[in-house]
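The same chain A turns up in both complexes below, where it pairs with chain B and then with chain C.
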Partner chain A sequence: MEGFRFVLRRVAAGIPLVLGVTLVSFVLIVHFGPDPTWNLLGKNPTAEEIAQLRSQMGLDRPFWVRYAEYLRELATLEFGFSESTGERVGTLLGRTVPVTLALLAPGFVLGNLLGVALGLLAAWHRGRWIDKAIMGFSVVGMSISFLVVIIAFQWLFGVWLGWFPVRGWAVHDLGSYLAHVTVPTLASVFVALGYNTRFFRAVFVDEIGHDHVRTARAYGAPPLVIMRDNVLRNTLIPIVTRILFSIPLIVVSGSLLIESYFGIPGVGKVTFDAITTGDQPVLKAVVGLTAVLFVVIQVLADILYRAVDPRVALE
Partner chain B sequence: MNDRGPATSARPVVNPGADAPLAPPPRERPRAPATPWRRAVRRFLRDGWGLAGGLIVAGFAIIAVGSWLGAWGTDWVLATGGQWEGPSARHPLGTTILGQDILARALASTRTAFEIGLVVAALSTLLGALFGALAGWFAGGPADAAIAWLKGVLDSIPFYLFVAAVAFALDDHPWAMHLAMIATFWTTTARLVRAEVIRLREREFVEAARAVGVPPMTILRRHVVPNTIHVLLVQASIVFVAAIKSEVILSFLGLGVEDGISWGLMIAESTTEITSGRPWNFIAASSFLFLLVMGFNLFADAMQDALDPREERR
Partner chain C sequence: MLSAMNAPNPLGTGRGPVLWLVAVAWLALAGCGDPASREDDRVYRHSLDGVPTSLDPAEAATIYSSFVVLNLYDTLYRYAYLARPYEIVPNLADGLPEVSNDGLTWTFRIRPGARFVDDPAFPEGRGRPVTMHDLAYSLKRHFDPAVRSQGSWLWAGRIAGLDEWGANGADYDAPVEGLRVVDDRTLEIRLVEPYPQLLYTLATAFSSLVPREAVEHYGREFGVRPVGSGPFVLETFHGALTRMRRNPHFERPPLDLEAEGYDPALHARYDLEALDGRRYPFVDALEIHFSQENAARWSSFRAGQVDYVMVPNEQIDAVLSSRDPIEVRDEILRDHHAHAGIEAGFVYAGFDMSDPRFGHHPDPERDAANRALRCAIRDAYDWQERNETFYYGIGEIFPGVIPPVVPEFDPDLPDASVRRDLAAGRARLARYGWTAETLPELTYGLVAGVQQRQMWTQFRSRLVELGFPPDRLDVDNFAAFGDFNRAMKNRQLDLFFLGWSLDYPDAQNTLQLFYGPFETPGSNNFNYRNPAFDSLYERTRAMQPGPERTALYRQMNKMVIDDCVAISGLSRTRVHLWDRDVRMLPDREILGGHFLRFVDVERGGGD
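Let's look at the complex of A and B:
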């Protein structure tokens, strides 16, 4: 009962956020967005013609009615048709989202696993050369632009060494999947690793400084056991938070750059094309859905914390 | 070093020569080294990497100011050489497809980067300080809840999409990118300032000010916010780096700088050249970008360590 009330409270807390993000995306993309009236009318339209078309398209309805209409579109996933390809936006997303997930999942998992591993290693050897080397590399990694890494890796592995395909997404089996996913994965791991390692190291250093770790060390527990039982378990909350909260960021910014540069037909490419051509139905779908998704993740994270740490419920 | 000030650090002075010029003669002004700023500067100067970073940033700042004053990088738009020339004495980094000098373009882009970084860092830090101070001072009240809601909303919309949406709404206005960055980058600053203000408002000096009848807003402005300066300085430098890195990606995506020149535009231009063995545009822009961001990261790290009040207790 107590748990159910907690879940309800968290879900209720997400509602104002959903209203906020949808309102912002509505105002920016639909309300201030381009007016399609002029493209659809002939030359020198009369005032009546303009008014008639606008009422046909529902553009003359009040702000709140149109906002409610946008909310309905988000809830039913019915955004109409893309202006540049004429494809239904729902179908378009259904076709491209799996490509993006397949493209980004390996880099996301590897980037976090390696980040945790290197962070533990650096924190355990804090102040010694191995820590300094890892932190030095992560500052260098943090300073290189994602765009530069993508361009350099594509040139290095695709053109100069010629090991992997340079562009496109001709995936039909495991071999071709690995061939296409390797360079984007290397690039995203390279870029994420600096930030991840730094963050995880700070979390672990803090935890290793606690008395229970010192006691376990004094009793002679092996380092790997201490890391698993004393360090990792106690730092689950910040680790899970960071990983969860980086999902929308990785999916959107990662896919935008990687897919537009490698010519991969995922959500990022679709979004990039929609940005360059001003394709309103696609943009309002992508912006609205990712923002709502992020709020959902926040609510889920709150609920998950309670599962991980019963003290959270006391709030 | 100084027998009257409190022990500033348990660590021995690694390099006594480094802080000699700053430490005043002990007998004349014995209390001077004890001010937090002096201690911060001394700690900063002891940090070799931070100092190197600071020098790199200073070098780039000189390049930016010189380019702004017209000392160099002025003929970035003119065709001063042939198409795709390699590096030579006349064009140290070669020329572009139109015969423009790549070094001049990279130098002029430094100015663009500083303009974007400074504008975005200054305004978003100001917003963050304002909202963070209000949220912290009125923690738990409606103002705090409203600001938390606004932060939650802005943090939930993915950054590149937000920039695209703002550019869309403003009809590709040249300031759309700056506006979008300022509107999103203040949230982290506000969160940190809020926490700091909540900590500070329970302190004795705030209580004392309240006891002698200083109006609450004056206390906040004169006594509380100035004490969050260490957070604001570090955040401003982090935002500066973020703005420069974002500019490159946004310009590449066609959402950033449109008139003028920037490292992002140079990299966008280079993408077709690099596969055909003409890497100079790419090398110039990405190494300028890397050096500046790296310098700023080292500088910000050292500044954070130097300004952190908790450092004193270690």
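Let's look at the complex of A and C:
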């Protein structure tokens, strides 16, 4: 019961966050985003036709009326139709979000698992050649543009070696899924690994310097046990925080380049197209749902904190 | 799919992350993947450098939309596959129309046997025959304020009563004087004035015949749920791919290569003879891969994932052994067919003539000085440099605004307006008293992007050479074309660069860009007002093609050149490559896509 009340309190506390995010983003969309009118007009429009189109899209209504409408849409999850394609926004997201999740999940999992493993290894060997080699690799991964990595990997694995498709998403079974997801995963892991490893290493190095780790070493505990029980376990809160809070960003923005270059019909590309064309129903849905996702993840993170560290109380 | 789910874990572990991976994969597999080809399918895989948005013919304003719409829907007319200059031929129409002596009444008939594809929009899901009621309905839709038509300008003020029908509430059951359905196969169109381009408009994707049942059944989602009678049926459509299957109900007479303009000297190398006399479409499925990223599109082609590519600029040197004349490297030709041709359109720069600082001016003396300023800027512009820098030197530079692809093009027109002559420009400025102090501040608009910025930098440096102080040259960046377009239509840009793709092969399509009454927000972005030009334009509106009309078109072209309204122009050369297993001659011009029904594929080169 206490836990349920906690969740309710956290959700309630998240409402101002959602309102703030939606308000700021709506101001940006309305006043600074592209005007969709001019993408939807014919070659020889009259002033009347322009006014008529703006009226149809509701662009001539007062800001606060439109914002209230946005909140109603967010509450009912009914965002209407895309101004570009005419497709119902709910259908559009229902079609594209699973693809993005399927596309990014392997890279996300591998990138974090390998990041933790390499971070532990580098931290344990801090200052030695293993540490320097891992950090050097991380810097390389961080320094090369994601775009260059994608193009190079497409050429290497798709054209030169011919092992995997260059682009597309003809996924029908596990085999075809693996064929299409491998190169995007390799590219995203190559880039993300650098950032992850450096972050996790810093956390582990800090933890290794604590008295309890030195005591465990003095007792002669094996390195693997120390790293698992004394270091990893005590650093789970920052790890969980980083991993969880990167999910919304990865889903929305992280997939843009991959989806564009690999021709994958996910939500990142849809969002990018909506930004460039000013497709407000789609933008409103993505921004609003991302804000809600942040709140959900915040609640989830608090619960997980309690799970990984019993000292944390759900109050 | 079920068997994959029940199969033992192929990765051989029971660990959480792997299960998660498989679970998420399953989530994606549940209907989210693109459809696969059957092994014996003949599939042609085309690639395009842009993405269509809506597949509603009323909104098919781009090449990318046209490529899909023209293959899902029927139009009355199309362009002959191989004939150049472009030649209009019947498609769904049963021959050419009968036209009354006054040119106002056109009677069209359609072939028997055409039917819409099966779809839940129809009773019992069975498609019904296509009738002329569908064409009347489809044309009416463009004038329905509830429909966001981007093609209504083709018929606005042309068909008797149609504009009024839209203004009076767009009741689809109400008759329109100029659209009389005589019987299911016959439609009479009554025009307000002769409209020689009418046939061309009935070859555009805008004129596709849509069934009312489907529009009403799908409502706003009609743009992603097309129901047509064209050669293909949609299987999937999203921002990266469209896949269509052959429409089993599509029937047309067999392909007659001679009637399509086949010329052995030009076309024999493409192995098209084998298609003669066969019924089309020839392939079982048609895929169009949309890839805006040049590197990805090119890699896709090199890896054999698509059968066709329009060669990206940065690959031109890797493909061509010679630019003039254009010759493709032998090693490329071993595995591919190649074809080079100029676009049906051009790129150009323009001035906002409504600005009295450098445009029209009521004082004749100042008006002449302003004209000299514009001409001086044009003199300073270096088309050769632009061609070399951005189009690998293979674009075709021409004077004026009638591009080489249309029959009215004048190859003998003097090229002074596209030849850089800095000294002449400076002399003009001096003659009319323009100095660094008096030259106006100019704002140039561009859509944010590296190449657009480079083009402006190049232009700017030529203006500085001419004598413009650098601080008088401003640039406005716009995040999207829509914003750029808005600024241009609101007359906030002094100078702009644009491209124009022809809607039909008639110089009227580009000359209308200078017609006074079409000033912004209309298509006359220059806000050019010249009564003599307007008078000629109005005179030619009703004229049939012929030497007299051509002469008038050329006269109008000369006016635009003499008034230095635009800095024009260059038609880009497209180099097309496609697999040797594919029999076709690709063409993306005139909002194209019709040619896809004539594509055949013989994988492995055998029978």
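One rule holds in what follows: the second predicted complex is superposed on the first by the 255 of 315 C-alpha atoms of A that agree within 3 Å, B and C clash if a C-alpha of one lies under 4 Å from a C-alpha of the other, contacts with A are read in each partner's own complex, and residues count from 1 in each chain.
By definition in this document, a contact is a pair of C-beta atoms (placed from the backbone, for glycine too) under 8 Å apart; a residue touches a chain by one contact, two chains touch by 3 or more.
None of these values were measured; they are calculated from a predicted model.
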Which superposed partner A:Trp169 touches (first chain B, second chain C, both, neither): second
Chain B versus chain C as contact partner of A:Thr76, first or second or both or neither: neither
Partner chain(s) touched by A:Val140 [first = chain B, second = chain C, both, neither]: first
Partner touching more residues of chain A, whether chain B or chain C: C
First, second, both or neither for A:Val159, with chain B first and chain C second: both
Partner chain(s) touched by A:Arg95 [first = chain B, second = chain C, both, neither]: second
Partner chain in contact with A:Ala291 - chain B first, chain C second, else both or neither: first
Partner chain(s) touched by A:Thr46 [first = chain B, second = chain C, both, neither]: second
First, second, both or neither for A:Ser25, with chain B first and chain C second: first
On chain A, the residue positions that both chain B and chain C contact, one per complex: 34, 151, 155, 159, 166, 260-261, 276, 278
Chain A contact footprint on chain C (complex, rising order): 1, 4, 7, 10, 17, 20-22, 24-25, 27-30, 32-36, 51, 53-54, 56, 59, 61, 145-146, 148-153, 156, 220-224, 238-241, 289-293, 295-296, 299-300, 302-303, 305, 479-483, 485-486, 489, 503, 512, 518, 521-523
Interface residues, chain A side, partner chain B - complex: 16-17, 20-21, 24-25, 27-29, 31-34, 139-140, 142-148, 151-152, 155, 159, 166, 248-249, 252-253, 256-257, 260-261, 271-272, 275-276, 278, 283, 286-287, 290-291, 294-295, 298
Residues of chain A touching chain C in the complex: 34-47, 50, 52-53, 56, 81, 84-88, 91, 95-96, 98-99, 101-103, 105-106, 109, 113, 151, 154-155, 158-159, 162, 165-174, 176-177, 181, 259-265, 269-270, 273, 276-278
For the chain B and chain A complex, residues of the former touching the latter: 149-150, 152-162, 164-171, 245, 248-249, 252-255, 264, 267, 270-271, 274-275, 282, 286, 289-290, 293-294, 297-298, 301
